[in-house]
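Common to both upcoming complexes is chain A, partnered first by chain B, then by chain C.
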Partner chain A sequence: MLNLDKIIDDVKNCKLIPENDIQELCFLAQELLIQESNIQLIDTPVTICGDIHGQLHDLLRLFRIAHDPPETRYLFLGDFVDRGFYSLETFLLLLCYKIRYPDRIFLIRGNHESRQITSVYGFYDECLRKYGSANVWRYCCDVFDYLALGAFIQSSSGNDDGVFCVHGGLSPAIETIDEIRLIDRKQEVPHDGSMCDLLWSDPEENIPAWAVSPRGAGYLFGYSETERFLFRNKLSLIARAHQLVMEGYKEVFDGGLVTVWSAPNYCYRCGNVAAVLTLDDSLNREYTVFESMLQDCNEIPTKKPVADYFL
Partner chain B sequence: MALNSYLDDQDSAIRSTDFDALSCRLSTHLKGYIFDPYIELLIPNLINYKTLSVESQFKSLAVRRNLKKQFFGLFDITGKLDSTNATTAQRSITNTYQQGTLQRGQHPTLSRPQVLKSPVINRGTWLRTYSIDLIVKQFIDQSEIDEPIQIISLGSGNDTRAFNLLPQYPNLTYIELDFEETCKIKRCAILNPSTKLYEPLSIDHTSEDTLPQNHEQFRQIPAELHSSRYHLIPVDLRDLSFKEQITPYMDFTRKTLVLSECCICYLSTDKSNELLAFFKQILEKGVFLIYEPIGGSDDSMQNESVYAGNGNGSFDHPGGSSNISNQSRASSSYGEIMLRNLSTRSIDMPSLLSYGTIASQKQRLIEIGLDANHIGVSDLKFVYFNWVQQEILEKVTKLEFLDEIEELNLINLHYCLIVASWGFKLQSKFTPYQI
Partner chain C sequence: MDSVQSTAPRRVKVYTLEGDKWIDRGTGYCSGEVDNGPYFIVRNENDASETLLKANIEGSTQYQKQQDTLIVWTDNEGNDYALSFQEPEGCLSLCEFLINIQHNVEPNISLVAVISNGQDGEITEVIAGPVPEPCFPTDDNLVDVIELLNQGSKSNKFRETLLDFIENRNYLNKLIEIFERSEKNRNLMNLYYLCDVVKTLVFYNDSAILETFLDDDVIMGLVAILEYDPEFPNYKTNNREYLKETSRFKEVIPINDNEIKTLIKKTFRLQFLKDVVLARLLDDLTFNCISTMIHLNEGQILKFITDDASFLNDLFGLYDMQSEATIKKRREGIQLIHQFVLIAKKFQQTPRSEFYIALFNKGLFKLILFAFKDKLTDSRILATEIIVTIIEHDVLLFNKLETDDEKENEVDMTLVTILIDVLINDSNVGLKTQSFEALKVLLDPVNIESPSSPIGSSPASDLNHNETHDSISIGNEYLQSFYKNAALKLFLPIIKLDELKSDSSKINKNITITYSSLCELLNFMAKEHEKPLSRSFILENHLLVGISELINKSFSNQLRLSALRCLKSIIMLDDEFYTRYIIQNDLLKDFISMLDESNDSNNMVNSTCLNLLNIIVNNDTSINFRLLKNYLIVNYKSILKKNFLGRQWILSISDKEEEEDDDDDDWKRLLKS
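Right after this comes the complex of A and B.
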C-alpha cells in the first residue's frame, strides 16, 4: 500500500522514489483520470497555474505563496515536465496531490506531456539518468494519455459567463466546447487535428483570423476568432499557458484571453518572473507574481551545472 | 605566484568556452543545419592533444572523459595516443554517417536525437555561424579576384573557418590569434598526418614535424604555424606588443576583416577597446565583425516596429512581430542571470552589461574613431527575421522541431552582430538595425 504522505515528503526533498511505487502511483492516477471528461468542470475559487517545466523548487515556492493543496483549489494548465532539472519530481508531486485530493487539484495536458516531445526536451533523459532505464518515463507517459484537454470554470452563482482553460489555444476545427468533449483523447498527442491544436496554438494580435504557427504545430489565432469563440460559448475569458511571458502573465484581446506562465527564470536563464491567476466566486481575476528561488538540491545530481549559452 | 595561478585559472576557464562553441557546432553540423567537413576530423585531434596538454595524469583522464562527454560520446578514443586514434575516431563517426546517402538530421548512431544540443541551441548556433559567414562572404566577394585580402580571427580557438575558406579563395590570407596552449593543440591537430588538416591550409607537411606523444614533449613543441596564406600565432590579446609577432605575416595596407566571435567580450572593457583602437590604427582598410552577447539595459532605446521588416531582403514572419511576449528589447535581468550562471564556471564577461545594448555597442565604436555611418549593429533576433531568406528559414525549420520560439527570440535578442568598417565601405545588402 502506498504511503502518499511519505512519498510527497520524499519528492519534495528530491529523494529517489522506488520504481515500484512510481508504477503504482501511475496506475492509480490512470484509474482516476480515466473517469474525468475531456473538459473538466471546476468550481470557484480556483488558482490557475501555467507551465512549470520541471522547476520543482519554484513549484514548491508557488505552493508556499498560494498555499498547499487542499487549502487552495488548483488547476495546472500542463507542461509539468521537460527543460528543468526536476521534471520527474514535479510530475510525481502533482500526481500525488491529485490522488490525495482529487477534487482540489486538476491537471490538464500540455504539449510537453507527450512521448515525442519529452524524448527531445529532457524528461526522458532525466528518467534514464535517475533510474538507469526508461521504465519510469514509460509509466509517466501512459498517465499523460489520460490527462484532460481543458477545463471550464463556472462562477458559484452560475450567472456569469464562464472561463475556458486550455494549454495552447483554439483550433479552426472546433467551434464549441462541446465538440472538445467528443475527442478520443487517450492517445499520444497527434501531429495535427483539433487535439493537437488545443495543446499547440498561440494567440497573435496582428492577424485577422488563422495563420500558420512558426512552431510547426497548431495555429496562430487572432482577435476575431477569439471574440467569436467567447461569444458562442458564453465565456468571459480564455486562460491558457504555453508561451513564456516575461511579466508572468499577459492579457490580450481586450482582456478576453490571458497567458499565464508559472516558471520563473525559465530554464535558469531567461530572467522572467512567474504568475498564477486566482478566480474568486464572481470570476474576478487576481494575479500573484513571484520570482525564482536559487535552489540547491544535493540528493540527485543535476544534469548540467549551468544553462547553455553561445560562448 | 598565487595571483598568477588565479589568472591561469581565469584563462583556462575562458579557453574552455572554445569547446562549448565547438560542441554546439558539432551538434548543429550533425543535425544538418550546417555542413562542415572539417569538424569531424578536428575534434578527435583536439581531444587527444588537449589531454596531452595536462600535466597530471589523473587530471588528464578526467579532461579526456569530460571532452568525450562534451562531444556526445561520439568520438571513441582509447586511452592510448597514436596516429591511428584520430582515424579510428573518424571512422566511428563517418561509417554510419555517409555523406549524401543518409538524410541529414537522421544520424543512425543518434537514434535518440536528444544526445545532441537542444533545438534552441542548435538554431542559435546555426544563426551565429550563418550570419557571420554572410558578412565574411560579402567581404570576400567585394574584393577583386587578384586583390590580396586578410582575415584576422581573434581568439580563433577551434574554429574551422580557415579550412573552409582558404581553398575557395586564393587571394585570402587567414591569421588566427589565440592563447599559446590553444595554438599548440590546434597546430598538432593540423599537422597530424592521419587527418591531413594541413592540406586545405596549403601547408607542406614534412615528416620531420614530430607530434608529441606525452606531456613532456607537448611542452617542448612550438605553437606557431605558418604557410604562405595561413598563420597561427600565439599571442596575449591583452598585451599590444603582439604587434611585433604579427607584423612579419601581415600587410597592414590590405583590406582586412577583424573577426571577434565571442572573443573580446572576455577582455576587460579597457583592454578590448584598446585592442579595437589598435587594429583601427594599424590597418588602412578594415572591417570589424563582432559577435557577442549583450546583457541588456533598462533604458534601452530599441524600437519594436522594425521587426515588421525593413530594408532589403527582409520579410514578414508571424513569429517576428509577436506582441504576446514583451520581448522587444534586451532586458538587463537576462544579462545579470547570465553573469551569475557564467560565474559558476569562473567566467567573467565584462562587456556584457557595460555594452549591454546595440546602442551602447555602436557608441563604443564611435568613440574608438569609427564613422557612425559605417557602423551597423543588429541583435540576432533582428538578423533572424530580416537577413535570412524565407526559403532558408523554411529549410532550417524543417530540420527539427523547435517548440521554444519565445525563448529563441529572447536569447537572440541578447546577442549582437557588429559590422563596422573604416578606410573603405563594406557594401552590405543587409540593412542593420536602425538605432
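Right after this comes the complex of A and C.
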C-alpha cells in the first residue's frame, strides 16, 4: 500500500519517489478522475490558482499563504508542468493531495498537460534525467488524459450567476457549457476542435469576436463573444490562466473575465508576482498576490544532475 | 576604413559658442564623411558650394547627444560647436556615424547621451567610447574587474584581449587562486565578487570563452566559485562534490583515442554547467549557445562510435556466450547504448541512420536478447526503450535483421513475439506500456511500407538501398506473417476471456492495462491495416464479442471505456461487415447498460457513452448507421428514453413520423425490413 503522507513529505523535500509508487499513484488518480465530469462542479468557497509550471517551491509557498488542503478548497487551472525544474514533484504533490482529499482539490487540464508539449518544454527531459528512462513521464501523461477540461463554480445559494473555469478560453464550436459534456476527453490534446480551444484560446481586447491565434492553436476571442457566452450560460465570470500577467491577475471585459497566474518570477527570471483568486459563498472575488521568496525553500532551485554518464 | 559609409545630408543649424552665447552660423545640410580622416561637413542650404562647417573627428573628443536633436562638442583647440537637427532621425543617423567611427577608425573619441532626469539633474550615458583593457584580478580589485568586464562586453577588441588573457595568460587560474585564498580566509565579499566575475563571463555568451572553462585545471575551481552566489546568500551548492565523484564516469569499454575521451569529459561538464550550475541563470541566448556546443560535441562522439573499428565490436562482445564479462558490466553496456540511442535521436537522418545501422551490424541484438532475459527490470525497460526509439526511426532495420539467417519467404517474428510476451505476461506496468508502444510502431503500415524509407533516401548508406523498391511487398509479407504467426498469441487473452470471467479474483490492475492495450491495438489494426487482412482475423476469431464483454460491469471503468472506444472506432469505420456483425451479435448491449447505469452521473463514463450515442444519432448519411439506429430503437427504445440525448432522438423520429403521417406499426415494419 502507498504511504501517502510519506510520499507527500518526500515530494516536498524533492526526494526521488520510487518509480513503482508513481505508477500506483497515477493509476489511483485515473480511477478517481474517471468519476469527474468534463466540466467539474465545485462548491464555494474555493481558491483558484493559475499556471504553476514546475515551480515547486513557489507552489509550497502558495499553500503556506492560502493554507494547505484540506483547510482550503483548491481549483488548479492546469499547466502544472514544464519550464520549472520540478515539474514531476509539482504534479506528484498535486496528485497526492487529490488522492488524499478528492473533494478539496480539483485539477483541470492545461495545454502543457500533453505528450507533445511536454516533450519539448522540459517535463520529458526532467523525467529522463531523474529516472534514466521515460516511463515515469508515460504514467503522468496517461493521467493527463483523464483530467477534467474545466470547472463550474456555483454560489452556495445557487441564486447567483456561476463562474466558468478553464485553462485557455472559449471555442467557436461551443455555445453552452452543456455541450462540453458530449466530449470523450480521454485523448491527447487534439490540434483543433473544441477540446483544443478550451485549453489554448486567449482573450483579446482589441477584437470584437473571433480571430486566429498567434499560438497556432485555439482562437483569440473578444468582448462580444465573452458577453454572449456569459449571458447564455448564466455566468458572472470566466476564470482562466494560460497567459503570464506581471501583476499576478488581470480582469478584462468589464470584469467578465480574469486571467490568474500563479508562478511568481516565472522561469526564475521574469520578475512577475503571482496571484490566486478566492471566491466566497456569494462568489465575491478576493485576490491574494505573492512573490517568489527563496527564504522559504531549503535549497536553491536547480535541475537535478544526470544520474550517470557513460563513456 | 572602408567599412564606414558616408551619411546622407541632414538639415541642421550650426552654432558656435562665443563667450557664453551660442551664435547661429547658418542653416545647411550636414553629413558625416571619410576621406583622409572622418569629419562632419555642413553645406549651406542655399548654396551647396559654401561650407558652413568642416570639423575633423579625431583625438579624444567627447560628443554629447542632448535631447533628441542636438550634438554638442569641444574640438582640440577648445572651440565649442553645436549641431541642431531639424529631425530626430537626422541626429540619430549622425550619432550612428560617430559610433561607427569610434568602433572602426578613431577608437578614442566618445559619444555620450545627456539625459535630463526630470528635475534639474542630468545623467550621462556612454553610447560609444574608448574601451579599456581587461585587467588581471587581485585580492583587492574585483569590483573594478567586474566593472571593466561589463563595460567591455560589447567591444570585440575587448573580447579578443580577454580571450587572450584567458587562453595564454592564466586569467582563470588567477581567479581561482584568489578564490582559494578567500575561501580559506572566509572573505565572503570576495567570494561573492568572484561568483559575479564568472557569471559575467558566462553571459559573454561566447563559445570560445565557455570552451576555456572546461579544461581539467580550471573546471573544478570555476564550479567552486559558482557555489557562492550573492543572490542566495544563505545557501551554498555542492558543485565540487558532485563533479569530484569519479564514479559517475562509467567506462564500459576503454577508449584509446584521447581526444575523444577529453571531448566526452568536456561534454559532460558542459551538460553539468547547463543543467545544474547555471540552470537558473541562463537566458535563452546563452542556453542555446551551450546547447549548440553540446550538440556539436555529441555529433563527433557519435561519429567516433559509428566509425571506430573496435568499439562497438568490443561492446557487443560482452554479450557473447564465451565472454567473461560480469553481469554488472553487461548492464552498464545497456545503459551506455541507451544513452547514445537517445542522443542519436536528436540528430538528422544521415548520422542517426549511420549510427543505428552500425549498432545492428555489430550485434545490437545480442544485447537485446541478454536484456530481456535479465532478471533486473531496468535492463528490460532500457532495452525496450532502445527498440522503440530505433523503430520509431525505421522499422525496416529490424526487419532486415530479422530476415537475416532465417528461413526464406518467412519473416521472422522474434522481436514481435518478445514484445507480445512482455505485454501480456510481464508484471511491470512500465514495460507493458513500452511494449505496447513498440508493437504499435512495428505494426504501423506507414512505417513498414513507406517507399521513402529514411535510410533508403540517404545516399550515404547502401545497406537498405535496394530494399526500398520492394518495401511495399516487404510490408505486406511482414503483416501477413504477423497475422499468421503472432496475432493469435497477441489476442489470446481476449479469445480466452471466459477463463478470466469465471474467476473474477484475477481481475486486477495488470489485467486492466493489458486488455486496454489490446483494445487499442485491435482498433489500430482495424483502422490501419488492409481490411481483408485485419477484418477477417478480427471476425473469424470473434474478437469483437470479447471486446464488447469487456464493457461489462465486472471490469474496471478504465478498461470498460477502452473497450467502448474500440467499438466506437470500429463503428466509425462505417464498414458493412463489422456493422452486421455488431447487430447480429447484439454487441451494443453492454454499452446500453453502461449508458443507463451512468445516466444520473455526469462523469467520464457517461460522457464517453453520450459521445458514442451522439455519433450514431447524428450520422444520417450511411446505410450502416441507419441499420445501427434501427437496431438500437428496436431493442433499446425504453432504455434510451431514459437518457436526455436518447429522448431527444426518439422525439425527433416521432415528429418525422407524424409529418409523414405513418402509423406506428408501419414504422416498426419499416425498421425491421
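In this text, the second predicted complex is superposed on the first by the 294 of 311 C-alpha atoms of A that agree within 3 Å, B and C clash if a C-alpha of one lies under 4 Å from a C-alpha of the other, contacts with A are read in each partner's own complex, and residues count from 1 in each chain.
Definition applied: contacts are C-beta pairs under 8 Å (C-beta built on N, C-alpha and C of every residue); 3 or more make two chains touch, one makes a residue touch a chain.
Owing to the predicted nature of the structure, the values given are computational and were not obtained by experimental measurement.
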Which partner chains sit in contact with A:R215 here, chain B, chain C, both or neither? Use first/second/both/neither.
first
Quick one: classify A:Y146 as touching chain B (first), chain C (second), both or neither.
second
According to the stated criteria, A:F231 is in contact with first (chain B), second (chain C), both, or neither; which is it?
neither
If you stack the two complexes on chain A, which partner ends up touching A:K186: first (chain B), second (chain C), both, or neither?
second
So in the superposed three-chain picture, is A:Y268 touching just chain B, just chain C, both, or none of them (first/second/both/neither)?
both
Give me the intersection of chain A's contacts with chain B and its contacts with chain C, in residue numbers.
268-269, 305-306, 308-311
Per the touch rule, the chain A residues reaching chain B in their complex are 111-112, 117, 119-122, 124-125, 202-207, 211-217, 220, 243-247, 250, 252, 259, 265-272, 305-311
The chain B residues in contact with chain A across the complex are 17, 20-21, 24, 112-114, 117-119, 121, 124-125, 128, 262, 293, 317-319, 321-327, 331, 333-338, 341-342, 344-345, 347, 397, 400-407, 410-411, 415
Using the touch definition up top, name the residues of chain A that touch chain C in the complex.
19, 23, 27, 30-31, 33-38, 41, 85, 128-129, 132-135, 138-139, 142, 146, 181-186, 268-269, 294-295, 299-306, 308-311
Provide the residue numbers of chain C that touch chain A in the complex, in ascending order.
229, 232, 234-235, 237, 242, 248-252, 255, 261, 264-265, 268, 271-272, 275-276, 279-280, 283, 332, 335-336, 338-339, 342, 378, 381-382, 385, 429-430, 433-434, 509, 556-558, 561, 565, 601-608, 610-612, 614, 645
